[in-house]
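You will see chain A twice below: alongside chain B first, and alongside chain C after that.
And then the complex of A and B:
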């Protein structure tokens, strides 16, 4: 071993980039949730659109989903994956300069992307609205992310690749595939392109993407986060490593089929819809296997819940993960879907996952991570507890109001009178939504306040210090002897 | 070799793990999505479906720009109450010239697949500029800027040619005369033309029986 390689292997972890991604993620969370709250307010008071193009509901809502998904969510995922892949590989991040390029490219794409959406550049496909120049830039940045991540794994000093890295890996690989195929389009001008797929085929491709963006970004990626940060916080090993293996492959295999449940009773072939139902029900098994594995991992550390706000967030996230992954397959059944499709129930379901699962686990992870990056304890545990209750109340109020709204909506829409005519006009049903929209706005505000408290708390924790340097542990034996050269 | 024994190879090899994920995650798409993309019955236009005339195409692109599909679906499901409320249910052949598709996933406002001809142009004009003037309880945002902007952004021919490359049968004549067709029209005119064209497909039960 040359001196140079020895230096590389014992070089400290590249953690400043984790701090940078965490900080940006929190900024995007606040901006994205603010956009969501504003959109919710526009549904209560349409005057808030002010007749301005960039402030109108359609554009604000698109900015909201893109900021929280790709700004808040993806920044958190990339940051935490860089943190955990180094520690599970006992090696410094591969090509830190490339990792920093990913950081700047991604943040620039979010800034310009959000601006382009508000300016009306819109591809028209849900959760893939960004136009083709952004699609290409994102693809390049994502490939660079893949090189850094898998490059780090390839240089690891521990023979087995830890489970969290498989989940983060599935995020990287499958999202790349989905993103490229779904955004295939012929550009007409710089800000306008036309999809390569027409009508019904475009719908099938879009929901293969749309559902699996949920699957591999909001589930796969965040399960990677769970599998590293939950055992760390609970100070317990994974309850069953074997179960995690089985659940992983079942998850990767079955998720991809479930997209057509977004297209029940539409003009796509019935066999495609039916296959979507069956595989959505199958999906319950790996989802709950993972949920149970997580809960059992904490089962010897319940007492920590009294004192550790970070763990509280993560356990709550697991509960909502279990709820949302039960609700999803139920909504995929055609006779249930008749009631839920096109209604507020869908919005409620998305937010039980997005707020209850994704946001909560990210908050928990940040409360764990930032004190370690700063090298000192959390500024205020009390403030974090306040955030916990605000987030929980906000989430519950959000999903309960949208459940009630959605069910009322479909019951009223589908109601026929004795003569077989529709009983309620569309405007009547819309008017009935007003109280639920107000409750949802309140829920969003509560959740947003909690997020701001977290930002203040973490900022105070980090104020005036730099990211702590941590070196990989030096172990007596080279634990990769058996596998050197095979990867 | 035990199950975990086989897995030991995968979990110790970066390349195997990457390819394993890629292959396992591709199966669903190969069996379910790819055949649909090759299924011509999903992309063949129904008998009376034609590509959007230039003015309607501009209107459609504005509809996309403003994310109208966030609140308005264009997909009538074959449910009694839905057919009674909106009209004929949707058929795949109606959407052969829709890039992207605009079926939507949420109805904050009503479905628009069959809205063409239900209201007058004058009604749409007032409604787009000030929705509450004609529907007091409406929560739709106003779109006053559409009346102030010209429909012809100078790129209509590029757009039509792009779509022709994708297989939409626009004749040279249509493309040559497109700027003239947009002459003096506002974005609002284009939007109204698009909305009034929606639902033109009049296929009844008989047409459906042929399939």
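And then the complex of A and C:
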């Protein structure tokens, strides 16, 4: 073995970048959730915009969704994928300088992107509001991320590619495809562009993007996180590895078709809507296969629940994952959608996934990850337990209040008088919603307080130390060399 | 002493969940009543409370959704209340069956009577809290029933390991799985209601 080869094999994992992404993810979580709480407060007290355009609901809400999705969510996904891909490949991250470029580019895009949204730049497509200069910058950063991730896998010392990497890989490939296609536009000025797609086609492309951002980012990406960190935390192998592979391919195949269920009763062809419904219902099978796999893995590790606060978050994340992935297909059915769409029920559904599944699994992962990065135990288990109950209460209160609000809304909107005219005006219905908005605000505050407690706890855990250096295990003959015969 | 040899009336046994929850859990764990006693002595009567209160409230005050009260014909209210009662009983029994099925995985006692007792215990605060149905203002009901639901969840998480005789950590997992089942059932109910409504099967508003 040459000196260079030996040095490359013994070089420690590049974990400082994981620490950096984790820290930024937590900062974006707090800022994004604060924006969400502020937007919720504006729905109760509209005067909170103080007549300032950049404080108006439309801008604050967009900043909220972008910060939590791309700041909190994607930073967590990139960071955890860098952590797990090194360990499942037994090799240091490929091109660390490029990985650091991804980090700085991504954080800069979030800062400037949030600023541009508050300033009123908006492409007009939900979850793809950032204007064309950001779209190009994000594409470049994302491709660099792909090079680092797949470059690491290409240099792996273990022949099989572990299941978490399949999910992270699908996230990278599909999000690149969605982002580029949906953002094809003609720039008019620096801050304004117009979509290349006309009318109904634009709507179909937008919700092909929108639903698969939910699918491959909020579901697939976070399943990558689950498949690596759940077995590590539980100290148990996945209950059925075979099931995880089957679920992966079924998930990838079926998710991509489901977007049109966002466009029921619109100008798009009815058969396209029906296809969206059928594929949404099919999607239940791979979603629940994964849930069952996760639940059974935890069930074999129940002893760890006594001491490990992180595992509780994962258990609850699986519960809400099961709920959200069941509720979604149900809401895709046209006769349910006629009641649920455009009401608060949809907002509740989104948050049962975003708070209950995405945030909970990320919190659980951070409680596992940060003590290991710091090389010392978690600062306070009690604080983590408090966070758990605040997060659970906040999520449940949010969902319940939005269910009640949504059902009331649909009842009132669908109520006709003797002449067939709507019985209640939009203003009547909005006024009736105010008390529920207050409850939702309370739910958001509880969830935010929990997140701040986590930030304090993790900061204290990391205070005064540097990221621990961990070297990949060196095997006399690596598994890959033994399998594929390359030495 | 709660652990006296003479069994207490089931309604009193479950009613204790409101004031002395730990004693009620311990009592049920030590002296689980038979399925028939749980069902006919407590569950049936507790299950009758929400539809009864809802019937009275809806006919007297009408549904209040933040706009003018919505009144329904008495026959429609009676039909909805009867369906509500039937659904509660189906929900109670099916949850007990599911709990019994899950008990094998989580090393808990698999007797149906204990599972039924647990589900009835958890449902007791909600049944009593349903007194708020007497004034069917949707927001008031939410504000009262959310804390009540929290109390029920506390009884589920703390009570399950005691009543079903399993380790608290495994009990936490089983309780979470049961919550998943209940949430899924609730969403199914919402969606079935929406489909029926879409088909034209639903309440007619009195004019």
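Keep this in mind: the second predicted complex is superposed on the first by the 477 of 487 C-alpha atoms of A that agree within 3 Å, B and C clash if a C-alpha of one lies under 4 Å from a C-alpha of the other, contacts with A are read in each partner's own complex, and residues count from 1 in each chain.
Everything that follows uses one rule, which is that a contact is a pair of C-beta atoms (placed from the backbone, for glycine too) under 8 Å apart; a residue touches a chain by one contact, two chains touch by 3 or more.
Only a predicted model underlies this, so the values are computations on that prediction, with no experimental measurement involved.
In the superposition on chain A, A:421 contacts chain B only, with no contact to chain C.
Applying the stated contact rule after C-alpha superposition, one finds that A:338 touches each of chain B and chain C.
Between chain B and chain C, B touches the greater number of residues of chain A. Of the two partner chains placed by superposition, only chain B is touched by A:202; chain C is not.
In the superposition on chain A, A:330 contacts chain C only, with no contact to chain B.
By the touch criterion stated above, A:262 is placed in contact with chain B alone, chain C being left untouched.
Legend: residue contacts after superposition of the two complexes on their common chain; A:316 is shown touching chain C, with no touch to chain B.
Where the contact sets of chain A with chain B and with chain C meet, they give residues 338, 414-415, 431. Against chain B, in their complex, chain A makes its touches with residues 42-44, 46, 49, 51, 53, 56-59, 61-62, 120-126, 129, 150, 153-154, 159-161, 166, 169-170, 173-174, 177, 181, 185-189, 192-206, 208, 216, 242, 245, 249, 252-257, 259-260, 262-269, 272, 275-276, 279, 338, 341-343, 346-347, 413-416, 420-422, 426-427, 430-431, 483, 486-487. Note for the complex: chain B touches chain A at residues 4, 7-8, 11-15, 17-18, 21-22, 24-29, 31-33, 36-37, 39, 42-43, 61, 64-71, 73, 75, 77-82, 84-85, 90-92, 94-110, 131-132, 135, 137-145, 155, 158-159, 162-163, 165-167.
Of all residues in chain A, only 295, 298-299, 302-306, 312, 315-316, 318-319, 322-323, 326-327, 330-331, 333, 335-336, 338-340, 393, 396-397, 400-401, 403-404, 407-408, 410-412, 414-415, 418, 424, 428-429, 431-436, 439 touch chain C in the complex they form.
Partner chain A is touched in their complex by these residues of chain C: 65-67, 70, 105-106, 138-139, 141-143, 146, 149-150, 167-170, 172-173, 176-177, 179-180, 183-184, 187-188, 190-191, 194-195, 197-199, 205, 207.
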